Amino acid sequence: VNKINHKDRLFPVDPGLRRLAKKFYDSIKDLPIISPHGHTDPIWFDKNENFTDATTLFVTTDHYVFRMLYSQGLTLEELGVKNTDLSEQEKRKIWQQFAAHFYLFRGTPTSLWLNQVFSEVFGLNEELNEKNADHFYNMIGEKLKTAEFKPRALFKRFNIEVISTTDDAIDDLQSHKNIKKNWDGRVLPTFRPDRATDPEHEDFHKNLEILSSTSVDSYLNALKDRRQYFIKHGATATDHGPPRAFTYRASKTELQILLDKALRKNLTPEEAHRFRGAMLVEMAKMSLDDGLVMQIHPGSFRNHNEKLFSKYGRDVGADIPTSTDYVHDLKALLNEFGNEPKFRLILFTLDESRYASELAPLAGHYPALKLGPAWWFHDSPEGMLRFRRSTSETAGFYNTVGFNDDTRAFFSIPARHDLARRVDCHFFAELVGQHRISEEGALKTLQDLTYKIPKESYRL
Amino acid sequence: VNKINHKDRLFPVDPGLRRLAKKFYDSIKDLPIISPHGHTDPIWFDKNENFTDATTLFVTTDHYVFRMLYSQGLTLEELGVKNTDLSEQEKRKIWQQFAAHFYLFRGTPTSLWLNQVFSEVFGLNEELNEKNADHFYNMIGEKLKTAEFKPRALFKRFNIEVISTTDDAIDDLQSHKNIKKNWDGRVLPTFRPDRATDPEHEDFHKNLEILSSTSVDSYLNALKDRRQYFIKHGATATDHGPPRAFTYRASKTELQILLDKALRKNLTPEEAHRFRGAMLVEMAKMSLDDGLVMQIHPGSFRNHNEKLFSKYGRDVGADIPTSTDYVHDLKALLNEFGNEPKFRLILFTLDESRYASELAPLAGHYPALKLGPAWWFHDSPEGMLRFRRSTSETAGFYNTVGFNDDTRAFFSIPARHDLARRVDCHFFAELVGQHRISEEGALKTLQDLTYKIPKESYRL
Amino acid sequence: VNKINHKDRLFPVDPGLRRLAKKFYDSIKDLPIISPHGHTDPIWFDKNENFTDATTLFVTTDHYVFRMLYSQGLTLEELGVKNTDLSEQEKRKIWQQFAAHFYLFRGTPTSLWLNQVFSEVFGLNEELNEKNADHFYNMIGEKLKTAEFKPRALFKRFNIEVISTTDDAIDDLQSHKNIKKNWDGRVLPTFRPDRATDPEHEDFHKNLEILSSTSVDSYLNALKDRRQYFIKHGATATDHGPPRAFTYRASKTELQILLDKALRKNLTPEEAHRFRGAMLVEMAKMSLDDGLVMQIHPGSFRNHNEKLFSKYGRDVGADIPTSTDYVHDLKALLNEFGNEPKFRLILFTLDESRYASELAPLAGHYPALKLGPAWWFHDSPEGMLRFRRSTSETAGFYNTVGFNDDTRAFFSIPARHDLARRVDCHFFAELVGQHRISEEGALKTLQDLTYKIPKESYRL
């Protein structure tokens, strides 16, 4: 028995339900991975260089990991976060600290993901702790040096059919171009223009300079051109991460006034809010025209911890979900484009209290709208079950889009998809066990959710 | 084994709990249906004419059904919604489409309700699909023509002891009068004055003209008179569907000012909001006097989809729940009447996040307040379990009012009550299995929730 | 079999899981009680006088009990609430009423707590009802007279290692002093300055007079002195119960302006709100200096029922939870002190919808922040399970602080801790059964949550 990565993990305990869940799982576990939204770096697949060490791979670059360690008193400095000059000795020390605190991850998806990676990718079948830390570090380090652990080899081993990266609007997509030229792995860019559409982003002005945009027309045209460039290099989707889901229909005149103020850096917060809302509507309009699937990931209060932000900048584990409204905030966009058969909007939430009361009813009505899976802090067994339990009865399953791994942690991608598949099997086994859905219906839906629905939803 | 309508559906899977749930279910399944809130048309029971066809009965008039089909790309035109001139051929085509998309309802209560109706009312024990669609349509059509399928016969067959309809304040209740004269089935009106109390409703001015109300006194007296008229014809309750639960104590002077502006059609949205809030307080005052149980169904954002509203009008599946406040919004009304032993307020919610934090604590304190069951989008197995799990520990069971079917879908009424009874048996079996309540206590409470509590709560 | 207090209550029904839960439970059930937050009266342990009667102990002083009875039509007068002059006959009558309505508590934690108290403390193993009410009353009354039922004897019998009371900032802590002098039971005060920091509290001016505070400096110094006084007499923590979690960084000048207005009683509600927010920041600053653990219990709308408040005053079961924000409201305090390794903030919520979306992410990031257990209306089996399911996957277990009984109901303290332990065993048995955590890891975590974590979190 593998104690850290049990073959029946996440299945229901009742013997009948477990049998059912395993039967379902057997029928989907080997389906290829469709990863339509995530944060892997295309340069990995372009250069195909070996990864260096366990600490860089699993601690200093994984915000789930270092935020928990930080919350328990380890400093970001001790943890080497945002430090690209760590010595081998420092890395070993960080790894030792991580191992000594691995118990903190009990009950979190991080421990499930990591245990599965250690076991299945590296053949390490004990629980990481202070004593075996060095052994883990060495074993991982050795394997990472081999040809079998180069990014492209792992991509194949992981059975990834297609993966989308997330890329800045002004990115030249050089790695994507190189990949396409000399490899058959499908690695596609996603158009993420937040830095060019959020006037409160610190890079906004730099972006607008690069896009040479001062008039609304030139600004919107520059964005259209960038979208075309992304499409040319394989993109099928855009992604937007505004603090709220607010959308707003602005006239060109109003938008020009807001843009002028933005360029002069004297937008009020309320005007910046309207600008972002208007740009979401513009982006939806462009999506209707050029066919890029639109994703909105709203509701994260970015950089909540001012002291850490001023010292370390973004992405240090201090982004916190807030209460989010969809019914009022998305109305402008949905009223304009929600009935369009060619438009597709995939919506995410960090506010679970809106699953049953706003999101499922909206998705169960508007033809253009689909619900993204349980996201970020909710990308976990309980989080996924809450998502299914709260959305399925109103939106069904065919108004959702299957799983996203949404991760930069490349090694964990199979584990994350596997976890999601297991939880879905758990959920459907319960439905069948209670005779709320037929076994055949469950099997078909599970297969669709794993493969067909994500491919079709993202037009892959 | 009936695969679409399994005899043990919705019961727990654990054998001991299932036995317990079945035992509970056996003791309540044959209790008469008390249906104190719903939307059946009294004219059915008055005229007692046969229903015409499967499409009209199950697709074009059921918003749960056509909203899901609409969300997946079928147009309301294709679905014949709001089209009363459909030819037989068109109806068959719509039915065929419905059958081809029946898989969309997997995991929704709609599939449970419909499968039970097909099986128990029409003897059709397969799952509806493209191939058997015509057979279903024919079989249903044939049965609908028979005497056994006339409304009054079904009323008896369905074991309905009493059913309440929902009627406009200015309704003449002619059907209710006729029914009382020549039939022994209890079909009671409910006073729903939204069109006469919401100055933003498109029929408000027409209503006020009919009530000949220009002064606050004449307006309130006209409403009192209408309530007396309803009471005379059997009503025991009122119903109110404001966008928010906001209540407001206005002086007569202020109310007159608001009414004047309303009549001149120049209320601001804030004033309309206050007018509605003040009218809820006035309605509560009248309830205290005349004994009509007051229901509030707040928190639906009506007609969210502007394009559909301008083309098809109301009730096309585009009403969406919003975040709702009760603690602040209901304070005026509860402070005035919440301690009155003779006043009864039954409160519903579309915002489940308020079950444990506002609604159960309010109902577990104010003598006048009772919680209505899981409503609309939450009228489902998971929704009902969330209701029980989140409200019972603070409000108990005796501050709730049993089940409402809240439906226009007459044929599904037994299935809806049956589903609710099964889910309650499931819930209580869990409580007993974990020794959180005695078996005798569970049995008594279940019986009360099914029959005695709804009758007493609605003064039926 | 004990039907009202079954030995396996609250454990999962599945035989394997139940075995596991019992095994876990056996390893923690006898650990001493750490009660770091509650409302017992220190005078009990100081004077060590016998309690008088069942009605005073279980009805008239327990807001969980009398609020439910009030909600079902019994008046506070009939229930003897806030009446210290009840005759024996009146007490018996109230007890009879309570017994006749005991069925109302089915499904609530109150029935679990009381049944366990009746069974384990008084040896009464039937369910309380109208018929045995007198017998219960007599038996309880007789036992209460004995030496074994004196407060200090019960404290030992209950296996309480340490208990914290909640005390007004201006309290002289006389009972605590006496206890320390002549008994070895650890009864510690907690500094609760709401009456001295909330300018809208009816006792605010009296408090400020006693603290002789008119300038901000003298005011803050007086509070610092009081904290030192509490520390001298054993306090390790403070507690704050603002209506919202709002915190605010005010300059000394602004704070002086607000204080001046407060003393002249002409603060606007918005200014009172800012004053409270600024005082939370000041209290955090003092905690960083003097080491008192800071607790915030926000989000209760106090005295919602105006009529009861004007007749009976505070604490008559009319405090209602409201929707609460943490991300924006706590930002000022967390930005200032959240990264301080020496500062500790324990945060509670009455708004469960924020567990997964705000609270767990905040606690899983800020080193100073820990989550208090499921509180008040959520201190129940389902409430605790929702807490664990919604917080553990992001914050883990080591960013929580174990159980608080938070009660004045001394006799129920062992039952409350026992219930919490059982529910945790239930939860961990599920995790282990689904192989989401190892059995050893579960056992260690459970033991820590029961004993080590609360002791360390509260610096006891």
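Should a chain be cited, it is by its letter among A, B and C, assigned in written order, with residues numbered from 1 in that chain.
Convention: contacts are C-beta pairs under 8 Å (C-beta built on N, C-alpha and C of every residue); 3 or more make two chains touch, one makes a residue touch a chain.
In this text, all values refer to a predicted model and were calculated from it rather than measured experimentally.
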Please report how far chain B has to rotate so that its Cα atoms sit on those of chain C, a copy of the same sequence, as a value between 0 and 180° in steps of 5. 120
What's the call on chain A versus chain C, same or different interface residues, using the half cut on shared numbers? different
Would you mind pulling out the distance in Å between where the CA atoms of chain A average out and where those of chain C do? 39
Which chain C residues touch at least two other chains? 12, 14, 353
Of chain B, residues touching chain A in the complex: 3-4, 6, 8-14, 67-68, 70-73, 103-109, 111-112, 127, 301, 304-308, 317-318, 320-323, 350-353, 377-378, 380-383, 386, 426
Inside the complex, what are the residues of chain B that reach chain C? 14, 16-17, 325, 327-328, 331, 334-335, 338-339, 341, 353-354, 356-358, 360-367, 369, 389-390, 392-399, 430-431, 433-438, 441-442, 444-445
